[in-house]
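Here the chain labels run A, B, C, D, E and F in written order, and each chain numbers its own residues starting at 1.
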Amino acid sequence: MKLHELLERLNNLKQMPRTGWLLCNVPLTDVEDVAQHTFDVAAITLLLADELERRGKKLDRERALSMAIVHDWAEASVGDFPYTALKHLGPAGTKKSIEERALEEILNKLPNRIKYLALWREYSEKRTIEAKLVHAADYLSMLVQALKYRERGNRSKELDELWHAVHKDIKIYEKELPSVMALIKELDERYSALP
Amino acid sequence: MKLHELLERLNNLKQMPRTGWLLCNVPLTDVEDVAQHTFDVAAITLLLADELERRGKKLDRERALSMAIVHDWAEASVGDFPYTALKHLGPAGTKKSIEERALEEILNKLPNRIKYLALWREYSEKRTIEAKLVHAADYLSMLVQALKYRERGNRSKELDELWHAVHKDIKIYEKELPSVMALIKELDERYSALP
Amino acid sequence: MKLHELLERLNNLKQMPRTGWLLCNVPLTDVEDVAQHTFDVAAITLLLADELERRGKKLDRERALSMAIVHDWAEASVGDFPYTALKHLGPAGTKKSIEERALEEILNKLPNRIKYLALWREYSEKRTIEAKLVHAADYLSMLVQALKYRERGNRSKELDELWHAVHKDIKIYEKELPSVMALIKELDERYSALP
Amino acid sequence: MKLHELLERLNNLKQMPRTGWLLCNVPLTDVEDVAQHTFDVAAITLLLADELERRGKKLDRERALSMAIVHDWAEASVGDFPYTALKHLGPAGTKKSIEERALEEILNKLPNRIKYLALWREYSEKRTIEAKLVHAADYLSMLVQALKYRERGNRSKELDELWHAVHKDIKIYEKELPSVMALIKELDERYSALP
Amino acid sequence: MKLHELLERLNNLKQMPRTGWLLCNVPLTDVEDVAQHTFDVAAITLLLADELERRGKKLDRERALSMAIVHDWAEASVGDFPYTALKHLGPAGTKKSIEERALEEILNKLPNRIKYLALWREYSEKRTIEAKLVHAADYLSMLVQALKYRERGNRSKELDELWHAVHKDIKIYEKELPSVMALIKELDERYSALP
Amino acid sequence: MKLHELLERLNNLKQMPRTGWLLCNVPLTDVEDVAQHTFDVAAITLLLADELERRGKKLDRERALSMAIVHDWAEASVGDFPYTALKHLGPAGTKKSIEERALEEILNKLPNRIKYLALWREYSEKRTIEAKLVHAADYLSMLVQALKYRERGNRSKELDELWHAVHKDIKIYEKELPSVMALIKELDERYSALP
């Protein structure tokens, strides 16, 4: 794939809906897309990384930012699987290997492909502090977006369930990423203040 | 799942985009959804079935119509996989087994679930004349929709490729479903008359 | 009208808004269209027909499904009259005769036109059990969709009035279609649980 | 109807699609609505009225502007009939009497209702110079909008037919409204320069 | 600029979002545009003008209507500045002079340009009764639209703040335009009846 | 401004249309927003930075990526000025100082605000290789998006003019960023192959 083909392919992420919201009864014309979501994750990663450094935590910001930017590129080929699909995909790890194959195809022949694949793998393994940070940013982005949908009127129980599920998922980062927890507390206040 | 839950779940098909069009650069706000598509397939199945009977072909119209209505219900859970995803899903038959599991879950506890599963399986096995008819209707629906997008201005090479790919897929029904072929010829004329 | 022309015409139903929702202050970009609605009615007809047979009721499922698929084809030509328009159309029966003429024109020269016209007439006369079933499915589809809009935040008094009006309209089928009543009760619970 | 009810009712015109464009295969999410159209007609009426006065033609600008603003209010109740519906509505004049009854209902009890009804009647009778001017503005607004749709890619034969039909309709104003003709010539050049 | 160029330019107002609503968390696909807004302002100006005359107030209705139609033409060139932008634009009066220059450019060479510029200046100076009336109509249009968004589910604090801010802005017209106050009271009742 | 307020504010960028496309007659429901655009710019910056390093060019990738992410944050407050507005804003540099004040307000009290302001200033001064790279990515993002719109059917002369204007703007980076030029050549081929 030539570079211009990759750019056109990534442009498709502006069209790919984040299907979780559709299952929360968000109208198709108001659904967040993967490009918008990636913007969010990258911006939050940047803000949190700087916040962590201010508190004396060391991390490789360049790698964290690159990982945020790359983390959903595979969806240009396979789309965003609805969460209700996950249990039907097959054995644990199937989603990961589908996306990995898709990313490999998209990056095919790109001179720096190894680097992007490595970033994506690091992200999906959730072991380094940079990968954890981007996952936390990913969850925070969901909370902010859920709050926006709730503010627009959405009262589906699925949105409520997603809100609480994200809280559980993000909990494992609590110790390493204290500023995340402060932020969640603020968002909780906003969410529960809505009628 | 209670009946009202199933109805709410099927309502989600009005939100699920047909991802093939997105890959053809159709805007997300103009993408056909699975409910609209199913309407098309059901209507075309009805028209073709009557046409075939007029020509002396016997078929079980009730089963054909039911199959058309049911054929994409699994997508309420797993969405519509982009065609670029198919080769990454795993061994041949993976998509089918994902959708089958999803359909089983959606229909879970419904008294008549066996019937709908059987219809879906018949559809995906493409062996009976009714299943072939619904597949032909599915392809025809894609041609009509592709023509509409082209008429709205779309000139992506992906739309053109899809147009030709559908012609190849539908060819196997040529002998058994002669009225399909006449219809395709008419659509070809419309398509090539566009600038 | 050739068959491909009919298919293109029916494709327009994907564009025709169900105007009742617009009067309930649903945004134009989130309005259900006639094709989506017809999908719903056909799916509900199928589910209810099987449910009734399970309870020992006899009916011609093929005719019921065909009727569901055909019941709004006239709207490809005349659109969906807003309910506020009905009283201004003229003497009782005017809407019916407008739609009948429109359907005749759309089906013009189609070999099987008589069959579709007959199905449509049967539907609008509401006398056979199949016609009643499709009307019940039509009303149920409205309730499910109204619930979805309410869940998305809509609190217009028009939506509330529509909700109650549909209950009244569906009441006449109570005796003949007992499973409809059970379903409505479930939907009522969902509706009143929303804030 | 209290004044605030009338304002809320007129707000619905922002939701009412101009159905002619839908029949030209314009996507529902890109269709002009009646409020946007009325803005156009009022602006063009203002510009043409001043142009005519500059050429020495006398007319009552206040009445022309009021007529432009009021001319589609009935559509808040009855919507915009697709042009394919017109021949099915009944004897000539049926559309007019439907809209007149609808307007009467909307304006019901408004102290100045007589004035608005009179303006609407004057418009639909096309006899005064002011009424002719607003009709010309209405047609011109269609040409400008059709040009925009064509520029966005639309190549439906229906759009082309509408373009030519409007030319015929506007021809009767040629003598009385010479600046309209100059304008049409400019628009024709723009339209035919598009591929 | 030739007349057809001006008409094409004004057509852009159908595309220009009223940015205040976006800041209230209204989805981009549901945002009011400047053309829709202008329709509202023109219709309300007409209704209020007639109401005032009925109460014995003299005013030049033609000038008021023309002003309503023209008041946002500059936005075809500069767009609608978000209210959060205003304090950053520079010294008081900057917005006015930006829009004035833009309007001059748009109207460039139009024979009647002086008239439209004069109308726009009169509007922005808020001194004549006609200018005050159009400003009151502009504020009322915002209240009706805010009510519609709230009815669709929006519960952002920004919408609430806008609602109250508009009340303060409109207060200065209380004495001169008594029917405005009656209308606001009715709208307040509607707004506070929503959950 | 607390961190959660900043995140909610940045979420608004998903709603802010890139107004240049609206002036090219792209429908409002299909317009790119600032968040989508920023995703593009960040991804292209990453790809180009790696490409340049591969060719032996040294640059600070972390700073380039951060700059890409931050470069349009001010638009959460002031929106995206239409390019037709620029000449009316006042003396050269006015846009820059408006955006700078807006960014300062948005970042108000954030501990790391100085860093983001510095990044934004570096970007707008276009002097460092990192700033030039992000500008080149910004222009490339416009070319890819313009190509997409053209492929969807858009044939406005404004789109064509924008295409050529971007070529001129990007020319100054030709020497320092050779891989940009190769990319543009590929995009040109794609663009001119469209009918």
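We adopt the following convention: a residue touches a chain if its C-beta (ideal position, glycine included) is under 8 Å from a C-beta of that chain, and two chains touch if they have at least 3 such contacts.
From a predicted model like this one, the values you see are computed outputs, not experimental measurements.
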Check every other chain and keep only those touching both chain E and chain F; list them.
-> A, D
Within the chain touch network, how many edges lie on the shortest path between chain C and chain F?
-> 2
Longest centre-to-centre distance from chain F, chain (CA-based) | C
Averaging only over C-alpha atoms, locate the centres of chain D and chain E and give their separation in whole Å.
-> 22
Using mean C-alpha positions as chain centres, tell me how far chain A is from chain B in Å, no decimals.
-> 31
Between chain B and chain F, the Cα-mean centres are separated in Å by 40
By the touch definition above, chain E meets two or more other chains at residues 14, 27, 29-30, 33, 148, 152-154, 195
All pairs of touching chains?
-> A-B, A-C, A-E, A-F, B-C, B-D, B-F, C-D, C-E, D-E, D-F, E-F
Touching chain E in the complex: which residues of chain F?
-> 12, 14-17, 19, 22-23, 27-29, 31, 33, 77-79, 81-82, 84-85, 87-90, 94, 97-99, 101-102, 105
Please name which positions on chain F make contact with chain B in the complex.
-> 29-30, 148, 151-154, 194-195
Hey, which residues of chain E end up touching chain D in the complex?
-> 2-4, 6-8, 10-11, 13-14, 29, 32-33, 35-36, 38-40, 42-44, 46-47, 50-51, 54, 61-62, 65-66, 69-70, 111-112, 115, 140, 144-145, 147-148, 179, 182-183, 186-187, 190
